[in-house]
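Have a look at the structure that comes next, please.
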Amino acid sequence: MSRAMKDRLIWAVTFLVMLIICLPGLWVVLSAFRTNGEILTKPAVWIPQNLTLDNFRAIFGLGENVLAIPVGSYFLNSLVISVTSTVLAVVIGMSGGYAFARHRFPGKSGAFLWLMLSRTVPGIALSLPLFILWSWIGLIDTKLGVIVVYTAINVPFTVWLTEGFFRQVPRDLSEAAQIDGCTPWQAFWKVEFPLARSGIASAGIFAFLTSWNEYALASQLTRSTDSKTLPVGLMDFTAQFTIDWAGMCAMAVIIIIPALILTFLVQKHLIAGLTFGGVKG
Amino acid sequence: MTRFRRYARDHAVPLALLSPAVLVILLVVLLPLLFSFYTSFSNYRLIRPDSLWDWVGFRNYARVLGDGDFWSAFGRTVLFLTVALNLEMLLGLGLALMVNRITWGQRTMRTIMMFPMMFSPILVGFQFKYLFNDTIGLVNNALQSLGLASEPIPFLVDRWLAFAAISFAEIWMSTSIFAILILAGLFAMPKDPIEAARVDGCSNWQVFRHITLPFLMPFIYIAMTIRSLDVARAYDIVDVMTGGGPAGRTELLWTLIARTAYDDARMGRANAMAYFSILLSIFFTWFFFRKLMAARRHLGAF
Amino acid sequence: MAEVTLRKIVKSYGALEVVHGIDLDIAHNEFVVLVGPSGCGKSTTLRMIAGLEEVSGGEIAIGGRVVNTLPPRARNISMVFQNYALYPHMTVRENLGFSLKIAGRPPAEIDKATDEAAAILGLADYMDRTPGELSGGQRQRVAMGRAIVRHPDVFLFDEPLSNLDAKLRTQMRVEIKKLHQKVKTTIVYVTHDQVEAMTLADRIVIMKDGHIVQTGTPLEVFERPANTFVATFIGSPPMNLVDGVVAGGAVRFAGDVSLPVPPAFRGRVQEGQRVTYGFRADNLMPAGHAMTGIGETAEIDLTIALAEPLGAETILLSELAGVEIQGKMYNPRPVAAGERLSCLLALDHAHLFDAETGASLRT
Amino acid sequence: ADGEKFDGYTLRVKLIGGAQYEPLYTLIPQWEKATGAKVEVISRKSHFELDREMKQDIASGNIDYCAFSSHTNFAPQYAVMNQPLDDLIAADTIAGFAPLVISHATVNGELMSLPRHSDVSNLFYVKSLYEDADNKARFKAEYGYDLAPPETWAQASDQAVFFTAPPNRYGTHFAGKDEGIAGRFYEMLVAEGGALFDDDWNPTFNSEAGVRALNWFVDLYSKKAVPAGTTNYVWDDLGLGFATGNVAFDLDWAGWAAFFNGADSKIGGNVGVALAPKGSSGKRTGWSGSHSFSITKQCDNKPAAASFITFLTGHDAQMLEARTGLLPTRVKVWDDARAEFTAKGDSFMVEVFDVWGQSMAEHAFTPPLIPEWGEIANALWPKLQAAILGDMSSQAALDEAADEVREVMEDAGYL
Amino acid sequence: MAEVTLRKIVKSYGALEVVHGIDLDIAHNEFVVLVGPSGCGKSTTLRMIAGLEEVSGGEIAIGGRVVNTLPPRARNISMVFQNYALYPHMTVRENLGFSLKIAGRPPAEIDKATDEAAAILGLADYMDRTPGELSGGQRQRVAMGRAIVRHPDVFLFDEPLSNLDAKLRTQMRVEIKKLHQKVKTTIVYVTHDQVEAMTLADRIVIMKDGHIVQTGTPLEVFERPANTFVATFIGSPPMNLVDGVVAGGAVRFAGDVSLPVPPAFRGRVQEGQRVTYGFRADNLMPAGHAMTGIGETAEIDLTIALAEPLGAETILLSELAGVEIQGKMYNPRPVAAGERLSCLLALDHAHLFDAETGASLRT
């Protein structure tokens, strides 16, 4: 088999696998354009009979007798919270990760472990004390409050992840930069940061998606349209006795699309062989 | 004190670099933790604020220790963690390797790969709750339409099927996280040693086994550690899909704790449980941390 | 039997062609040295033979079998990479033994082979270090060791000794020679070291800009360079080249200097032909510091611009017809800049090239 | 309350959200206009979410709002913050509500909330199945009595088994987890003549009546007359399941009526309604409660809050909700709504209102109005499930549950 | 003014000490070449001067200022790394201009400087490639270029030319020399190339196992090696060393051969002293192929074991008193193995060392 053929075959197989993985998700997306009666029924309706935008209309309050879900402000809240906390987590994480990767100091592995352990606390043990603490300092139902919390839950792993990637950047490169007159900060920013950017991008993606999709804590710390995020808004579709699954799916699509776009943009920084050709040996 | 001051002076740079991380964690994790630690010794009930001062000593712990439901949830959680983490790791590794091989349209493929990551855990919960529903669920419908099953399969009821179903949902949601982290690790890999290994007579598998994998191990362990802590997010999924039921068949520590804390409003007892679950997480973390350090040492100066 | 045959091998990176259809037949057990200026395509050629770089055009055969699409492991080769390509996560011992381990050899055999290689390479003290803890030269020796522990059909060496000191390099050269004689393998060897090229090669292949310019035994390429490029590339310092015009059995240069047409070229040039006159520093020496028995000589008076003492000999820089030339003073004495010396040129070792094409006028 | 003015005052409220609840809020601007006050909805969530939020508010003492959506079954938990209404709401206003509903909203003799709409379950059934002659004949042959909507739970059980034909049809289904199954068990317990507690708050549900009540579910499940997944079902699953026509009859609240009989349902036009069956004690099941509005003790303008909740439970407001099938709490609204349906010729809705009206008036009862109801339910339902799934016997399950409930009651200081 | 002073510099990696307290004074504008066997601590020393490696003991001063704790950027140095350490994410142009950009120079100046360096290094065609797309030699040239675009106080070069071909290396050598003369900086240069060391150095420092063994001008170390290590390390092929015993104005070797005590050592040895006799291949030549004017000679008959033709000269391998020795045949003719030749040894260039310590007996 020629190499080109083999490449194509691998491509096709991968594509197939991806498709299978995506199926459950695609079902959700498709459901957004169908009616509840058609999705959840027996016998199943395999071929959608009538695709409709009603679910979306309802979300925006265009249907009859339904109050619009304030998607606009949820969206904005989600965006502000996720982006800010991601940036913060990545910056703080990078700074910590760099310290671990490049500096020697006594108690280093202890600190590293400690940082990890901070993640072991289940949300439940945190959420109520956090709530009380936050209400004392007036952070309840504010975007800032959520941002701080998300930053904290994302920091440990942005630290570890970026640490791993900074280790992969040959030390000689930052040395060369320092010889070239860089301050350690310049050496970091101009040489090590660009070379570790695969890792930083993946940490960023991970942090962003965690914040974007987080529900448990947000559902407690947010109260109103001032701070409620999209996943919390998703629960607007579950009333006491009913769940509007099709509506939820429509909302899901609204949640997924921006995340998809943002991830697509960020992941262009996942690049192979960034350090190739830099050092010999 | 002077020793501390000297330490601070000698290592000012790393300490300064680390301090934001430490601060934010102190604020968001440690302070609340102290509070909840205190409450685990009280009969604190949310709806009776004054019960915060109702000190009960080790009663909560004693009760939790003697609670069969708690221990079966504990065991199930360990099993769930083990199964989900390992499968996610293996599948994620496979996906990452596959995507890494692709040259044409890789960025699009990567985005497709991350598709499940876009789903909020509660959404995933609902999604699989409906997919696995025994009467109107898509899976049952499909199996019956294809003639593979005549009776509806109670995915969310049968002891093992239900466990499999929640594991499946969790794995579906999180495999791509592994994949993307491992993929990034693959991208950071030097390619020289791979070429050398191929010349040294390695088959593709041997290259993977002897070169790629040792390089990836630190990344895999980091991902494992992150995830071992993060599967607590599975709470949302399980809560929506089965709520830990039926009859506690899918009860995990988190669902049990959450119900005790909020539905029962018995915060003190919930926090006692939480500290047991912290112990569990500490064990997992420490385990992976040791592995990580060993893998690092193995990679030497790299 | 492992002869290596390259047929019209082309390599392009995207639109950029860096190897332009080279043909080369390497016999079984031959020791071929590839030389050429930096960036001419030597490493690329080795990497194509190894199967690490896809061939953009042409055919590579090893032992008579076309290997274009075979993976490296199916080609049974060993390679020393120019950039070492050590396994950073393995100790020196593991690095050395890796290929044997992969081949499933018994541990005892592996230990024996690695210990042997380590002894040859002076690495015995470093066996348990990882590459990150080695000096540059030590790393290069590990790279070398990794190649020689095996018994492949073909050895590919890409500047394997460039970071070693002269003494070690001499030792290693001898070891490589021994290895070649002992295991009877085909060797393709890239080097920038003239001495290595001259002493090791059965045949030297000179490349330039992705083409092969000349192939021949070391003495052939040294004594009968096919063109001015080879003439200046082989031999150090490079051959002096001065443009002139043939006039009455001599070549006349600018500034009214002239030198006789060298014996080997008499009858091969025509009156008025524009030629390039070439001779090596070794063959231009101050009278009184010349060797005995050097055949026909011509005498030129030169003003010394700079004298570079090298120990046993001194390089003299001067100027002929506006071109900088170099001569050599054996058994040297101090020479001041500006001193005027009468020098002898050994005409048997002088060359004439076409002034346009640079091709030798010997044939 | 009419004519009062609260110009410039901003009333902060927490309201239950969700598709069924929100139409009411479209009336809020009217109240704002009438009183000159502004309403700021600081939270709008489903009730379970809201419940968590309340508890957190209580825990953190962070109560900076005036009115909130409540539920009669949950209300006792909010005692710390809940303002009794007796002095705030005019007696004649209260008199407009159904007395039973008002009694449900009264804890320890104090009115804690104004009920907004009620819920109680009755039977929906697929008419065609019951009218099919062949079915009738076969049923009679098998069980010796005529096929008709069940009068007793024993009959219901027979019919469920009779109609079952998996995978396409099951006799019935029930909410099998959370408060759903606990509440269902509780009403069956009552219908079987049992009680959750004795007068001293000792748990007594592990009595014979309790076992009988639980066995009703266990039998159906073991005979596969309910979908196997029913133990995971909650209300939405029941509604969706019945609407697909997979189930012969369904004990459910009135809120689904319009949906079941509508275009999105496979059984539209084919739905019959009947009163919930009786247990062996002759009592009908009637687990009930009302969504309601309450005022906080911390409220800085209680008259405004009172005016607001009175407005939202007023006649016009309830008419609006009744049109969508929600059960009003004002006596007059029952009649007016029924008249309106009659005028529109919607005989199905008229029948629904008749049936649910009767059951609200005669059979409805609430669980114990104590803050621990949630904990009790949580102690109960996993054990009930275990019995239903066959993991343990009914008696053993109830005994274990009783032990846990006893612990709850001890901790809470009842015992 | 940038003199570099090392005082008792020690470097340890954990428990392993690799540099053992070296002392070195480098004058302002001096060109010092560091040579020594692979792994002897050259790179480590450079890296300590640069501030990349913490000093485990001792003091480093640049321009009179102790710099032990100063970061690299405060030392104003340029360095060519042995492993290049190029910025893989930058083009060649960006790599070259990086230090100037950091220093905040105007773009026009940066362009000018990089273009100039690129022209010198023959990199003009590759300015927009990244290091990954370059050949080994091209990468090394970029590393070199990065150092020379700046005007630092001290240049540190770690084997900067090892991957270049002879011709380019000669050119580069000249460029470095020019650079040194032009900008008057202090240069510390590590190389394994004897010619580089000899031609570039004001002073050569020879290291071994983390110690300095000898310091001196190129001619000094070549002509007056302080001990047998330097004698064999400097000069290629290495000096021939044969052990013997002083007996009546001559040194007598095993197998009843003897050679006269070299003139410079007469009176410095005692009868019966055990010595090592040293002479270079350059100074042992077949009679008839010898140079003129080589002073006092001794004659030995040698059986040729192997002849290695290098072009202008041929290395002859033979054996004296059981030790392998090498001689040189200038203006060579073919020599068969086993041929017996009468050779001349130029005694002015022979040495005697203490047989025990290896120290020269000259002083």
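Letters A, B, C, D and E name the chains as they come in the text, with residue numbers starting at 1 for each one.
Keep in mind that, in the parts below, contacts are C-beta pairs under 8 Å (C-beta built on N, C-alpha and C of every residue); 3 or more make two chains touch, one makes a residue touch a chain.
Chain identities (UniProt): A = Carbohydrate ABC transporter permease; B = Sugar ABC transporter permease; C, E = sn-glycerol-3-phosphate ABC transporter ATP-binding protein UgpC.
The structure presented is a predicted model; accordingly, all values stated were derived computationally and were not measured.
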item: Chain-contact steps, minimal, separating chain E from chain A; value: 1
item: Connectivity without chain C (remaining chains kept where they are); value: one piece
item: Mutual neighbours - chains that touch chain B and chain C alike; value: A
item: Euclidean distance of C-alpha centroids - chain A vs chain D, Å; value: 39
item: CA centroid of chain B to CA centroid of chain D, Å; value: 37
item: Length of the line joining the C-alpha centres of chain A and chain B, rounded to whole Å; value: 15
item: Chain D-chain E separation of Cα centroids, rounded to whole Å; value: 95
item: Residues of chain E whose C-beta touches two or more other chains; value: 83, 133-134, 136
item: Per-residue multi-chain contacts in chain A, two or more chains; value: 40-43, 128, 132, 184, 235, 243, 273-276, 280-281
item: Chain D, residues touching no fewer than two other chains; value: 52, 56, 59, 61, 167, 240, 244, 246
item: Which pairs of chains touch, using the document's own definition; value: A-B, A-C, A-D, A-E, B-C, B-D, C-E
item: Contact footprint of chain E on chain A as seen in their complex; value: 170, 172-173, 175-184, 186, 190-191, 194-195, 273-281
item: Residues of chain B that touch chain D when the two form their complex; value: 43, 46-49, 69, 129, 133-136, 140, 144, 150-152, 154-158, 241-249, 251, 259, 262-267
item: Chain C residues touching chain B - in the complex, by the definition given at the top; value: 50-52, 71-73, 76-79, 81, 83-89, 98-99, 102-103, 130-133, 146, 150
item: Chain B - residues contacting chain A, complex; value: 7, 10-11, 13-15, 17-18, 20-22, 24-25, 27-36, 39, 46, 95, 98-105, 107, 109-123, 126-128, 130-131, 133, 135-136, 138, 141-142, 145, 172, 175-177, 180-181, 183-191, 218-219, 222, 225-226, 229-230, 232-233, 235-236, 253-254, 257-258, 261, 267, 270-271, 274-275, 277-278, 281-282, 284-286, 289, 293, 296, 302
item: Complex contact set, residues of chain C against chain A; value: 54, 69, 82-84, 86, 131, 136, 139-140
